[in-house]
Structures are given as structure tokens and as C-alpha cells.
Amino acid sequence: MDLSLVIDNLLNAPVLFFLLGAAAAWVKSDLEIPSPIPKLLSLYLLLSIGFRGGVELAHGGLSAGVLTMLGVCVAMALLVPLWSFFIVRLRLDAANAAAIAATYGSVSAVTFVTAVNFLRQSNVPFGGHMVAAMALMESPAIVVGIVLARMNDRDTTGPSYLPWGKVFHEAFLNGAVVLLLGSLVIGAITANKDAKSLAAFVDHPFKGVLCLFLLDMGLVAARRMGDLRRSGLFLGLFAVTAPMAHALMGIGLAKLIGAGAGDALLLAVLCGSASYTSQSPLRCD
Amino acid sequence: MKSVKRFEIIIERLHARDVTDALERAGVTGYSLLRDVTGTGDRGDRAGDELTDVFRNCCVIVAVPVEAADEVVESIRPLLKAYGGVCLVSDALWVNH
Amino acid sequence: MDLSLVIDNLLNAPVLFFLLGAAAAWVKSDLEIPSPIPKLLSLYLLLSIGFRGGVELAHGGLSAGVLTMLGVCVAMALLVPLWSFFIVRLRLDAANAAAIAATYGSVSAVTFVTAVNFLRQSNVPFGGHMVAAMALMESPAIVVGIVLARMNDRDTTGPSYLPWGKVFHEAFLNGAVVLLLGSLVIGAITANKDAKSLAAFVDHPFKGVLCLFLLDMGLVAARRMGDLRRSGLFLGLFAVTAPMAHALMGIGLAKLIGAGAGDALLLAVLCGSASYTSQSPLRCD
Amino acid sequence: MKSVKRFEIIIERLHARDVTDALERAGVTGYSLLRDVTGTGDRGDRAGDELTDVFRNCCVIVAVPVEAADEVVESIRPLLKAYGGVCLVSDALWVNH
Amino acid sequence: MKSVKRFEIIIERLHARDVTDALERAGVTGYSLLRDVTGTGDRGDRAGDELTDVFRNCCVIVAVPVEAADEVVESIRPLLKAYGGVCLVSDALWVNH
Amino acid sequence: MDLSLVIDNLLNAPVLFFLLGAAAAWVKSDLEIPSPIPKLLSLYLLLSIGFRGGVELAHGGLSAGVLTMLGVCVAMALLVPLWSFFIVRLRLDAANAAAIAATYGSVSAVTFVTAVNFLRQSNVPFGGHMVAAMALMESPAIVVGIVLARMNDRDTTGPSYLPWGKVFHEAFLNGAVVLLLGSLVIGAITANKDAKSLAAFVDHPFKGVLCLFLLDMGLVAARRMGDLRRSGLFLGLFAVTAPMAHALMGIGLAKLIGAGAGDALLLAVLCGSASYTSQSPLRCD
């Protein structure tokens, strides 16, 4: 790979705003994006990416390749937490290991959105179904995590003993998944009619909103660097190597099923990225 | 003015509905909710960094008749056990109207 | 009317986002648009619709037809709560009947905004004065409601015994009315100068913001369906038939004064729609 | 530290200014206001679904000298009677500075 | 349930971190923060009208063991002296879990 | 100067929205823009103005004239609080005089942003370095204010006895300064690559967001008019004459260093305007 391309990539506005946020937090500036503004930004990003994914899906249609890709994604969302669990279990108790496993199985919407922005900017095409894939990968990881925690936990009053109804509810009906899939469906239905008139809202400000959102992510990430240090060498190593390994698997699988470059990158991002969200129903005291 | 017990329950926002459901089961008909509470406790800082508000706290404030206080405590305790959080109980007077 | 046109209308993005919100609330997803984001969206919609109404008013001018229409609107805002009161009074006490009457007399800005979006999309023209009409209809309904409540209430310490100054204040100076009328006037004054440079803010994202706002409305509406059920058969029937009857009157009146199709639809919406806002100074314990 | 009475008044946001005006008339010079409170009470859920915030609650927190408490209660009571809401009174110590 | 002292510290948001730092130095490991508090006090209204939030208040709620209360008071007092604000202390029970 | 130009200027949308806000507060309407929406608007305005300043800086480059201008700005930020202190000290105690001095030395971002909007609309060019100048003027005024307060205050436990580290921290790393300078740098770095794709976010809605922000400023300003009255004749006179005197100095200096009309206006605004922000580390009990 060309080094100047990497630098060029790092020197684009969204990434620089992320670094600005991180720098601001690092020098303890009082710069902050107060709640619920980040929520507004993330609702916008999810709606936008879902809607455009739907429009592209409507134009591209559901082919065998698309279905294979979706299958691969769900499989990875089931498998990644499984092996992550057995590795992390070497050092941690079952409940925490399950929570971490679910984390690595699920996807980071921020990373996905940033990758999408990168592809658009580089004019590399990708399929609208990758957005659906992201929505589909969130839930299985949570369910696998909870199953693992239960199989290894004897305290039936702890948080892993949520009733199954509640587990599935949190896994499949969390707000981000609903908004993403809903916007995807709406985009697919209204592709011919509304895509143009909504472009001024859904497409044009996308990159700018992403900048503002990544500024906040930078602030948050830098504040949490301390947590990373506190988590010890073993987890630190895992946190660095696991995403890379998963991303490489993603690229391998994409080659195998003959996906295009854009879809391959997104699959790598989906496999490699991890999300805090999925921890929540699993966290222990 | 009548004597009441004032409850202040700080818990993850995700579980706000569990708390209010538990309160309703315990026969409480009125409560107030502050949605935007952050904090630090045994389980680290709040986050709010992903696309849901999973790690944000909320604060439920409830005044109940003194004789109902024990039942409310018992209805809240399992939630604190499962999800962490804090429940403070104090004495207060309720201004009749 | 053509059924496929109705379906086509239902299948546009704003309506679908409303349904998405309703569905999300119905399956008890944790999707939410936290306060004060809906407020930001509504401030935007009021500012946008007021400003554009002003620009159109500046271009169209104040004709006799415009003044007739405004007179009809104010008259409806006075009459609708009157007869609503006497019907609802058959079953409810005076204070609640007055509150409900005021509700049906006033207008729902959301519905109006959605109708405006529909007209724009269908390329049906309408007059900027209809925006003024909406602003003018909010206040009379509240005043009539309070007068009715007072005439029928003997407890002079209750909420209907607000001092008159406060009543008029709440009726005529509530934030939505002030912003709407203010933006209308500003739009009319700066029509030639600022309309173009503000279009990127005021016009282009309008439909998208409406989608996000209706998503929230869907969430709220579905959560309140329970209230509807609790309110009993009589009120339920009234809630379904009254808006239709008022809307039909609106269409009739529009024909009578020879208004165009766009203005007629908006008049129907203004007469038919109801707003929670106006209840507030009247509610009883 | 000196003894004070702590008031916590939860009322519709629309009436926040009525409360603070009443407090000022009762001679109170300091108070705090939480603007974003939701809740359930005798008169149903908060709404916030139209274009104003009519149905949202707020919470006014005031600490007053013990001897001023009765007057504050009397200044608030008519507002509660007219608009609903809750007023809790409790004992607290004020850290001097 | 164990007895605790409940602190409620209302101070300019700018100084929120000073308060939590002082609490941490006094050995407090858990606290909650309400970020959006306005108010009136000896030094006039909150503003929030420029491009930073300098004049907005926040409210820190902390429950500490009774025996730790004095130390917390002493750690907060200099901040109140320097920046103004209010600290109320009251008795409460902590629901064990 | 032509009077009709002045009126024309007053009749543009941002100014009219400010007046609308002031009028709404004056009639005690409940119109409000709830927190943190004004914060979102101001973050946007700072990001936008910083980014565009950076892009212009990248195209214009750093010339001797630019550096002179920056020097003049910093000098004024140091001198204005000095003489303001000695004048206000005639009537007030040292701590309050220092706070007021810092206020008049610093700059009002709102006024600056409004002036920038005016220049753009009038097609008068100005240099991107004026944005940097604004960022550079915020901090010195605060530091001078604190130095003055300390030199005149014997109570070493009061607020003026913040440790120096904290003083510099608040002076140089407050959120507005960091975001403004950060966006400027990012704009300069990505000028060729991102300026176009970010325009839909950074440029197009600028004027509209400014309208909404000034609506809020109008609400706030009108509510604070009472404070002005309470502050007495001496301070009232100072508040009216000092900004004018400082603005005139700014224009004079601009002439002296041969700056263009746009830069001269902005320098006048920077010198004349005052900001609440800088008071905070100095306020006394």
C-alpha cells in the first residue's frame, strides 16, 4: 500500500476532527458537545446511512451475492464472540468474558459510517446491503454473549438471568437497529420518489455532521484512554490484536465470496469493529 | 403537610422503565424522572459514546406514604442487585393541596 | 379519488417515518428522540414555514380573497370550540369540556406542516396567507375555551380563574405563535434580499427535518394510544367524527369563498386538526 | 453549618416562573431550577408532543431559613392547587462559606 | 439500609470538575452529576449567552458514610468560598444491595 | 454614510431575528431555545467560521500584512483591558474592575460572526487570518484581567488566587478557542480536498443557523436589559462609550497598517465587542 495514500486519508476532515477532539480532551480543554447533541448527530447518521442504503438496495436488487454476504456477516457475528469468549475466559470470569465477547462480535456504527464516508470520497462503490449487514450483526452477538454468560453462571439472580423475552427484546429492538433497518426499508420503498428531494437533508450535510460527531468521539475516546491502561496487559493486547485478526478474516471471506473492494472493506470494518452497546445487558456488578 | 418517604433512585437510563414498572406494581401512582444524570460508581464512568444511551444514568424521585416505604424498598432492591445503582431514602413533608 | 393516489401518498418518506416511529413504540423499542431535539426540529419547522409563507405573501400581496380567508379561519377558530363544548358537555363536567373544546378549535402545527409538504411535493400552489391563518387560529380557541370554563365554574380558585391578563398572554404570546408570525413578517420584509441566501437553510432540509420530526410524533402518538382507549366510547367517537366534520366544513367554506385547491386543503386541515397545547391553561386536577 | 428547610417543587414547566415569582415575593433570593423533568401523577403522563413544552415538568430546589419555611409553603400552595404538582419539604444543613 | 449523609452541591458548571476532584481526594468513589441546572443566587442569574457555558450551574449529588461527612464538607468549603454556590447536607438511608 | 444603507442593513434576516427574540422576551412570551440547542448552534458557527477562515488562509497565505494584523490584534487585547481597568477602578473595587476590564478586552464571537455574515452578503472580501485574530484575542484579555486583580487584591483565598496553571488553562484552552483554532487548522490543511464536499454543511446553512442563534441572543439580551439598568450611570456610560472608542481605534489602526475594508471592519468589531466569557475566572462573591 502507498504510504502517501494512508497519510492523505488521515489528513481528511473527519479524521482530523476526531484528532482535534482527542487533543482537546488530552489538554483538558472544556470543549464539549453536551448531551443530547451527540444523540441527534447519531440519529441523523443512522437515518442517512439507512435511507441511502435502501435507495441503493432498490436500484441494485437482491442477488445471490447479496444474500451470501448477509449470511457471512451473520455467521461472523455468531462466531467472533464465541472464540473471543474462550480466549478472554483464560483470564477473566465468565460474566466479564461474555460481555467482552459480545462487544467484539458486535459492530461499531461510528467506524462503519466513517468507512462509508471514506469509500464515497474515494469513489469506490459499495452495496446498500452492507448497511443491512451492519444492522443484522448487532443482535446475534448480544444473544451469543448472554447464552455464554448463562451457561457459565450459577447465580440466577444476576443480570445474566434476564428473562429471555427481555434478552431478545434488547438484542433485536434496540433503537439503533430499528432506526437503521426502518430507514433502509423506507429508502428502498421511496427510492424513486423521495431520494432526490431528501438529498439536501440526507446526503449533503452528511460529511459535515460526521465531522462534528467524530469531534465528540475524539473527546470521548481520549477520556477513556485511562480505562484502557487500567485494563491490564492481557486485555490490552487482546484489544489490539483481535480487531486486526477479525478484519483480516473479513477480507479473506470477502475474497472467497468474490465481493467487490468496497464491500470487502466494509466487511472488514464490520468484523473488526467492536461496540460498547452490546455489553449492557451483560455487565456484572 | 403529611409525612412521606422520599426515594431517590439513580440507575442506568436503560432500566428507567424497570424502576417505574416496579413502582407501579408496588402501588405508586406518581413519580418524577430526571433523564440526564451522569456519574461515577463502582462500575466506572458513564459513557454515552456509541449510538445508544446505554451507559447514561437517570434519577427517579418518588414520595410515598411512610407505611408504603418498605414495599417500595423491596421492589427496588432486586433491580439494584441486578443492574447496580443507588437508592437513597429520606424523610420529607408533602405540602397538601 | 384514486385509491392508488392515496397509497402513493401514504408511501412517501415523512408518513413512513411516522409509521416507523409508531411501530418502534409499539414493539417497545428504546428508540427515542430525547428532549430538546424535538423542540429544535419544531422551532426549525415553524421558522421555515413562517419565513416561506412571508416570502409568498410578499409576492402575492394582500387581496380581498386573502382577507376573506383569514376572516373565515378566525371565525372557525371561534365557532368550533363553541359547538364542541356543548356536545362534549353532555357527558363531561364544564372544565374538561372546555379544555376539549379549545383543543378541537385550535390547530395542529404538525398536521399543517405535513399538509404543506404534501402540497409542495404535488406541485399544488397555496397562498402564504394560510400560514398567517394558522397563527391566527391558535389564540381564539384558547380564549373561547376559558370563557366557557369560567361561565360554568363556581370555584374561583381553580385554574380557570387565571387573571384575564394571563389568559390573553398565554393565548396570544405563546412561543409558537410568536415565532411563526415573526418569521412570516421577516420573510415578507426580506423576501427579495434574503430568500435566496436562506433557502439552503429554510427550504432544502425541510422535508428531511419533517421526517425526523414525524418519527418522533409517531413514537409519541403510539405511546398515547392507551390514553385514547382509556377515554371511553363517547370521547373516542367524538375524536374520530369531529375532525372529519370540521374538515368537511372547511372544504365547504373554501368552495364558498372560491379558494384554490391548495388553500382549500389547508383550510380543511386547520379546521379538522386539534392541538394539545391549548388545553393547558384549562386543565383541571 | 446552619439549619435550613429544603423545598423541592415539581410543577409544569409552564408555571416555573409563577413559582419563582412567588418565591421572590416570599423574600427568597436564591433558588435552582432543573428544567427537564418528566413524570407521572394524578393527571397522567407528561407529553411534549406539540410545538410547545406545555406538559413538561420542572423542579425548583430552594433552601430557606427554618423560620421562613411557613411563608414559602403558603406562597406555593395556591400554585399547587391551581396547577397540580408536588412540593416536598425536608431538613438540611447549609454549608457556610 | 445504612445511614448516610446526602450532599447536594450546586455550583457553576465550569467548576464541576473541581468538585469531583475534591470529592475524590476526600475518598469518595461514587457521585452523580446533573449538568443542566440554572438558578439565581447572590451573584445574579445564569446566562449562557456567549459561546461557552460559563454561567450555567450543575448539581452534584453524593451519598457518603456518616463518618466521612465532615471531611467532605471541608473539601467542598474552599470551592464555595472561591466560586460561590450552595452545599446542602441531609440525612438519608442507603438501600443495600 | 448613506442612511438607507444602514436601514437596509438593519432589515436583513439575522438582525430581524435578533429583534424578534428581543421583542418576544420583552412581551414575556414563553418562546425559548432550550439548552443545549444554543450550544449546538454556536459550535456550528465556530466550526464553520474557523474552517472557512482556514480555507481562505490556505489560499491567501501568511504575508507580512497578515502578521502585522495579528500583532495589532494581540496588542489591542492586552491594552484595552489595561486602560479600561484604570477608568472603571475610579468607581469600583479592584476585583470587579479587573473582571470588567477583561470583558472589554476580549471579543464577542456573536458580533464577529454577524459581521462576517454582513461582509459576505455585501461581497466585501476579508482575510481568513481575521478568524485567527479573534481566537488570539480571547486569551490575553483574561490573563491581563487576572494579573490586575491579583496586584490589587490582598485576600489570597479569593477567586483571583487561582493557581497560575489554572489561569492559563482557562485563558488558552477554553472550548471556543480550541474549536475555532482547530477548525482553522483543519480548514487550512484540507482546503483543496474537503472544502467543496463540506460546503453543504459549513457554508450553505450558515446564515440560517445565524438567524436562529441571533433569535436566542435577542431573547437573552432583552432579559438582561434589567441588569444594565441596575448597574448605574457610570457603568452604563462606560458600556456605551468604550466599545465605540475601541472600535474607532480599531479602524484607525487598520488604516495605519493599510488593511482592506473588510479586515478593517472586523478589527473594529474585535476591538469594540466585549464578551461575558472572560469574566468568569475573575468574578467575586
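Letters A, B, C, D, E and F mark the chains in the order given here, with residues in each chain numbered from 1 onward.
Keep in mind that, in the parts below, a residue touches a chain if its C-beta (ideal position, glycine included) is under 8 Å from a C-beta of that chain, and two chains touch if they have at least 3 such contacts.
This one's a predicted model, so the numbers in the text were calculated from it and none came from an experiment.
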Taking each chain's centre as the mean of its C-alpha atoms, give the chain farthest from chain C.
E
B-C versus B-E: which interface comes out with more C-beta contact pairs?
B-E
Can you tell me which chain lies farthest from chain A, using the average of the Cα atoms as each chain's centre?
D
Chain-centre distance (mean CA atoms) for chain B and chain D, in whole Å, is 20
Centroid spacing, where centroids are CA-atom means, of chain A and chain D in whole angstrom:
43
Two-or-more-chain contact residues of chain A, please, as numbers and ranges.
30, 34-36, 39-40, 174-175, 200, 204-205
Out of chain D, which residues touch more than one other chain, so two or more?
14, 34-36, 42, 52-53, 81, 84, 90-91
Touching residues on chain D, where the partner in the complex is chain B
8, 10, 34, 36-42, 57, 59, 73, 76-77, 80-81, 84, 86-91
Touch list for chain C against partner chain F, complex:
35-36, 39-40, 43-44, 47, 51, 169-170, 173-175, 178-179, 182-183, 186, 189-190, 193-194, 197-198, 200-202, 204-205
Residues on chain A engaged by chain F in the complex (per definition of touch)
11-13, 16-17, 20, 23-24, 27-37, 40, 121, 200, 204-205, 207-209, 211-212, 215
Residues of chain B defined as touching chain D within the complex
1, 4, 6, 20, 29-36, 61, 63, 90-97
Listed in rising order, chain D residues that touch chain F in their complex are 14, 35, 52-53
